[in-house]
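Below, chain A partners chain B and then partners chain C, in two separate complexes.
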Partner chain A sequence: MATLTLDAISKKYPNGHEAIKHLSIDIADGEFIVIVGPSGCGKSSLLRMLAGLETVSSGELLIDGNRVNEKEPAQRDIAMVFQNYALYPHMTVYDNMAYGLKNRGFGKQEIAQRVERTASVLQLDHLLTRKPRQLSGGQRQRVAMGRAIVRDPKVFLFDEPLSNLDAKLRVQMRIEIKRLQRELGTTAVYVTHDQIEAMTMADRLIVINNGAAEQIGTPMDIYDSPQTPFVASFIGSPSMNFLDGELIGDQLRLGSESITLPKKHEFEGAVKVGIRPEHLHRFDHDQERFSLNLNVQLAEPLGADTLLHGVVPGANGADVELTARLRGEYRDVSDEPLRLGLDLNDLHLFDSKTDQRLATC
Partner chain B sequence: MVENRFWLNLLSHLVLGLGVLLVAFPIWIAFVASTHSAQGLVSGTIPFWPGDLFLENFSQVLSGGNDGSVGVSAMLMLFNSLVMALGISIGKIVISLMAAYAIVFFRFPLRSVCFWIIFMTLMLPVEVRIMPTFQVVANLNLLDSYTGLTLPLIASATATFLLRQFYMTIPPELVEAARVDGAGPVKFLFDILLPLSRTNLAALFVIMFIYGWNQYLWPLLVTTDEHYYTIVMGIQRMLAVGDDEVAWNIVMPTTLLAMLPPVGVVLMMQRLFVKGLVETEK
Partner chain C sequence: MAPQLLVTLVFFIWPAGQAVWQSFLVEDAFGLSTEFVWFENYAQIFTDSRYYHTLWTTIIFSAGVTLMSMGVSLLLAVMADQVVRGAQVYKTLLIWPYAVAPAVAGVLWLFMFHPTVGVLAYMLDTIGIEWNHFLDGDQALLLVIIAAAWKQISYNFLFFLAGLQAIPQSLHEAAAIDGAGPGRRFFTITFPLLSPTTFFLLVVNVVYAFFDTFGIIHAVTKGGPGDSTRTLVYNVFDDGFVGLDLGGSAAQSVVLMVLVGLMTVVQFRFVERKVQY
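The block that comes next holds the complex of A and B.
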C-alpha cells in the first residue's frame, strides 16, 4: 500500500516523439486510477514508465515519497498484469505465481502459504498443477492477477488486462478486479481504451490525448463537466454531439434559432455546443421552448433504449450529424422530422478557438 | 486422399517400397559383406546372403591391430568420433545460445553489425576457410589433439541464426514480466529461455551431432597420429591401401559401427527433434 506521485513526468523518444508531456498527479493510498485514451495516446508508455520498463525522460516519480526513477522494475515493489497475461508457458500455475516470490528469496513454506491463499481467493485452487495452455482465457487472466496479488506489492499496474476476453467475461472480471482491489486496499493504476471500464472502475480518471492529460477527475465529474470537446466525446456512449453556435450575452445562436440560456457566461463569440445523446428526449410542447428537428436516418433498438442517428439543420443550411438516445421503442415511420427537446442545463459549451469549457458565472 | 482406389494404393505402395529398397539395399550389402571372409568378397561376385563370420569380423574390428586395419581399434576411433561430435555439438549450442541471447535481448552498440558478420560466415563453410584455419591450428600447436579437432568447428552461424529466430518469437511481455518478477538476465536465461527452447535445442543437437560425426576433411588434415583418428576418416585410411587388397570384411563392419551412434541419437531425440522442427508452441 502506497501513495504514488507523478511530478511533471515526460517521455521523449530518441526520434524526438514526445509520448508523455509533463504529466502530474498525486495518487492517494488505495486509490484506483484509470488512465484512458485512444490508442497511441501514450497511456501504455505512461504505465510502462511507472513499472520501470521504460525510462523517464524528465520529471520525478515517487512511490511512498521515495524517488524511483532509476530503480529497476523489481526494486519498485510493483506488480503488473499484462494485456496478453505473459504467463510463463512452461511453468505450472503454481510456479507462475511463485516465481516472483522465489526470486525475492522467500522461504518454501511462506511461498506455499501465499500462493495457496491467493489461489483460493481467485478460485484457482484446482488449477495449480496445470500449465497455462490448458487454461481458458478467463482462467489465464486470473492467474495473471494472482501473480500480481501474491507478491502483495505497493502498486498494481494493469495494462488493458480485459481486452482479450469476450464481452461477458469482461464484465465479470471488471467487477472482480474492482472488488479485489477494494478488499486488498492496494493502490492501482489501470490502463484501458474502453470507456465503460474506465467509468465503472475508477476512483479517478486520467483522460489522455496526444500524451497530455486533458482532464483528471472522478468519472462523474468528467461526465458532467468535461473540460474539452475531446474528453466530452471520449467519455459517454454514444459520444457527445457537437453543433457550432455563437454566444452573445445570454443568447445562444444555434442555426437559425436563438436560445436564452439559464446560466450566464463571460464569453462572447463562436462556441461548440455539446449535447449528450441521452439528454435528448421527445419534445414536450408544454414545458420547452427549444427544439431540434432530427431527420432520422437509422434507428438502433437497444431494448430499453433506442439510438437514433440522423441529421439536423445547422448553421448556413448545412446538415450536422446527430445521435439521440430515446427511452423505449421508436416506431415513427413518417417522413416528418422528429422534434427533440432538452434541458438547457445539460448543454456543454466550449470555446471554439481554445477548445476549453466555458465557465459560468 | 479420401477415396480408396485400389490402383492408386498399389502405385503409392510400389513407389514407397522402391524408395525403401533404394535406401536399405546398400546397408544390407554392408551387413552381408561384414559376415564373409576377405577372400570371399574379392572373388568377383558379392554374396547376397549373410555368411558365418559375423562374430569373428566384428571382434577383429573392435580389437584392431589386424590385417587391413589402421593400427588402432575401432573402439578408439568410435571414442574419438564421439568426443569430436559431442564437443562440436555441445560447444556450438552453448556458443550460439549465448550469441543469440546477446543479439536478441541486449541493446549494445554495433549489435546488428555483429549479427550480420555472424550471418555472413554462414556463406563460408569449413572447406572454404580450411587453409587459414589449418594454419591457425598448426601455429597454436593443436594438431593431433581433441581441441584441434573440435574448436575450429564450434563457431556456428547456423545455430546462432536459428536460435535468434526462435528468440525473436518470444513475446516482449514475457521478458518484461520476468523483469517485474525480479529475474535478472542470467535467471531469465536459465529459468525461462532455456526451458522454452528445449525442443529447439534438441533439434539443433541432433543436426550438429551428425554434422560433427560426419566430419571427414578436417580430421583428415589435422590428425597424423592414428590415436586421434575418427571413425569416418579411419574408413578412408582402410581403403587407401595402394596395390594391396582392400579388406572389405574389416571395412564393412567398421562402416556399420560408424552408422550406429547417429542412428542412436536420432532415435533417442526423435520426439523432441520432430517437435522442435514443427511445433511453435507459445
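The block that comes next holds the complex of A and C.
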C-alpha cells in the first residue's frame, strides 16, 4: 500500500523518440488508475518507468514520498503482470509464485503459507504442481495475478493483462481483478487500450495521446466533459460524432441551421461540435429545438439498441458521416431521411484551432 | 524407398559395413593379398596397453574440448545477447572461424604457440611459463584441446545465441521485478531455459571431439610428443593411412563407433529427460 507521485515524468529513448512528455499525477493509496490511449502512445513506456525497467529521462518518481528514479525494479517493491504473462515455463505454478519470495529470503514455511493462501483466493489450489504449458489462457492469467499478489507489494502494475483472453473471459477477469484490488487495497496502475476496461475499472483515468496526458479524471468526468476531441472520441463507444460549426454569441450555426444554445460561451468563431451517438433520439415535435436529418446507410441491431450509420448534410453541402444509437429496433424502410433530435445540453463544443473544450460562463 | 533411408544407407550403413568387413581382414603391406582372420584384429586392440592409454587421452581430450568450447561460447553468447537482442551483423561476423578448415585453424595455433617464433609462446615466456609443446606432453594436449575447441566455438556460439534470443525479454524482466539479481537470473531462468540447446550441443561436441579432430591433431602435434596427444580417432587415421594396417584401423573405428553410439544413447536416455520443460 502506497502513494505514487509522478512529477513531470518524461521518457526519451536513445533514438531521440520522446515517448512520454512531462506527465504529472498524484496517485492516492489504494487508488486504481487506468492508463488508456491508442497503440504507440507511450502507455507501456510509462508503466515500465514505474517498474524500473526503463530509466526515467527527466522528472521525479516517488513511491510513498521516496524518490525511486535510481532504484532497481527489485528494490521498488512493485509487482507487474505482463501482457504475455511471462510465467517461468520451467517452473511449476507453485514455484512461479514462490520465486519472488525465495529471492527475498522468506522462510520455507512462510512461502508455503503465502502461496497456498493466494492459490486458494485465485482458485489455483489444484493446479499448483502443473507447468504453465499445461494451463489454459485464463488459468495462466490467474497464475500471473497470483505471482503479483503473493508478495503483497506496494503497487500493482498491469500491462494489458487481458488482451490475450477471449471476450467472455475478459469480462470475468476484469471483474475479478477489480474485486481483488479492492479487497487488498493495493494501489494499482493498469494499462489498456480497451475503453470499456478503462471506464469500468478505473477510479481515475489518464488518457494519453502521443506521449502527453490529454486528460486525467474519473471515468464519468471524462465521459461528460472531455477536454479535447481526441479524448471525446476515445472514451465512449461508438465514438463521438463531430460536425463543423460556427459560434456567434449564443447562436450556433450548423449547416444551414442556426440554433440558440442554452448556455453562453466566451468564444466566437469556428467550433467542432461533438455529439455522442447515444444522445441522439427520434425527433419529437413537441420538445425539440434542433434536428438532424440522417440518411441511413446501415443499421446494426445490438438487441436492446440499434446503431445507425449514415450521413447528414454538413456545411457547404458536403455530407458528414454520423452514427446514432437508438433504443429498440429500427424498422424504418422509407427512403426519407430519419429526423433525429437531441438535448442541447448534451452538445460538446471545441475550439477548432486549439482543440480545447469551450468553457461556459 | 524413402530418401532419408537412402541417404542413411549410402552415407552411413554402407561405409560402416565396409569398416566392419575390413576389421575381420588382415592385408599384407603391399595390399596384394588379404586374409580373413575373424576377431584377431580386435584381440590385438584389447591386449595393447597403448590402446588403453589412447582411450584415456581421448577421454581427457574430449572432456576438455567439450567443456572449453561450450563454456567459452556460452560466455560469448550471453555477452552478445545483451548487446544485440535482435541485430544480425555480429552473428555473421562471428561465424568465420567455423568456416576456416580445421587444418588452417591448427596451423594458426601451431604458429602462435611455436616455442621460438610464436606470439603466445613469447608472451607466456615473459610471465615465466616456459612453453614448448614439442617436448611437454601436457602442454601439447592442452594446445590441441584449445585448437579443437576454438574451431567449434562459433558453431556453439550461434546455437547458444539463438537459444538465448528465444527467451522472451519479459521473463528476464519478471525475474528482475521478482528480486533476482543478474547472476541468480542466469542460473535460475536463463540456464534452465537454455538446457535443450545445451544438451543438443553436448551431443554434437562430444561426437565432434571423438570423431572429427584427427585433422587438427595431425596438423598440430602428429599425436606427439610420445603418444601424449594420440586419441582414438587419430590412432585410426595413423594406423590405417600411415601405418597401412587397414584391418587394425578398421577394427578400431568399429570400436569407436560403438563407443560413441553408446554414449549418445546414454545421453539421450538419462540427460534428455531432465532438460525438457
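As a working rule, the second predicted complex is superposed on the first by the 361 of 361 C-alpha atoms of A that agree within 3 Å, B and C clash if a C-alpha of one lies under 4 Å from a C-alpha of the other, contacts with A are read in each partner's own complex, and residues count from 1 in each chain.
Please note the rule applied: a contact is a pair of C-beta atoms (placed from the backbone, for glycine too) under 8 Å apart; a residue touches a chain by one contact, two chains touch by 3 or more.
Bear in mind that the values here come from a model prediction, so they are computed numbers and not experimental data.
Superposition model on chain A: chain B and chain C are shown in a clashing arrangement.
In the overlay built on the shared chain, the residue A:K131 is in contact with chain C alone; chain B does not reach it. In the superposed pair of complexes, A:K353 makes contact with neither chain B nor chain C. Look at A:A51: by the touch rule set out above, it reaches both chain B and chain C. In the superposition on chain A, A:R182 contacts neither chain B nor chain C.
Applying the stated contact rule after C-alpha superposition, one finds that A:G100 touches each of chain B and chain C.
Contacts of A:N84 after superposition: both chain B and chain C are touched. Once both structures are placed on chain A, chain A residues 51-53, 72-74, 78-80, 82-84, 86, 88-90, 99-100, 103-104, 147 are touched by chain B and, in the other complex, by chain C. Residues 51-53, 72-74, 78-80, 82-84, 86, 88-90, 99-100, 103-104, 131, 147, 151 of chain A are the ones touching chain C in the complex.
Residue ranges of chain C in contact with chain A, taken from their complex: 168, 170-171, 173-181, 184, 188-189, 192-193, 277. Chain A makes touch with chain B in their complex at residues 51-53, 72-74, 78-80, 82-84, 86-90, 99-100, 103-104, 133, 147. Across the complex, chain B meets chain A through its residues 171, 173-174, 176-183, 187, 191-192, 195-196, 198, 281-282.
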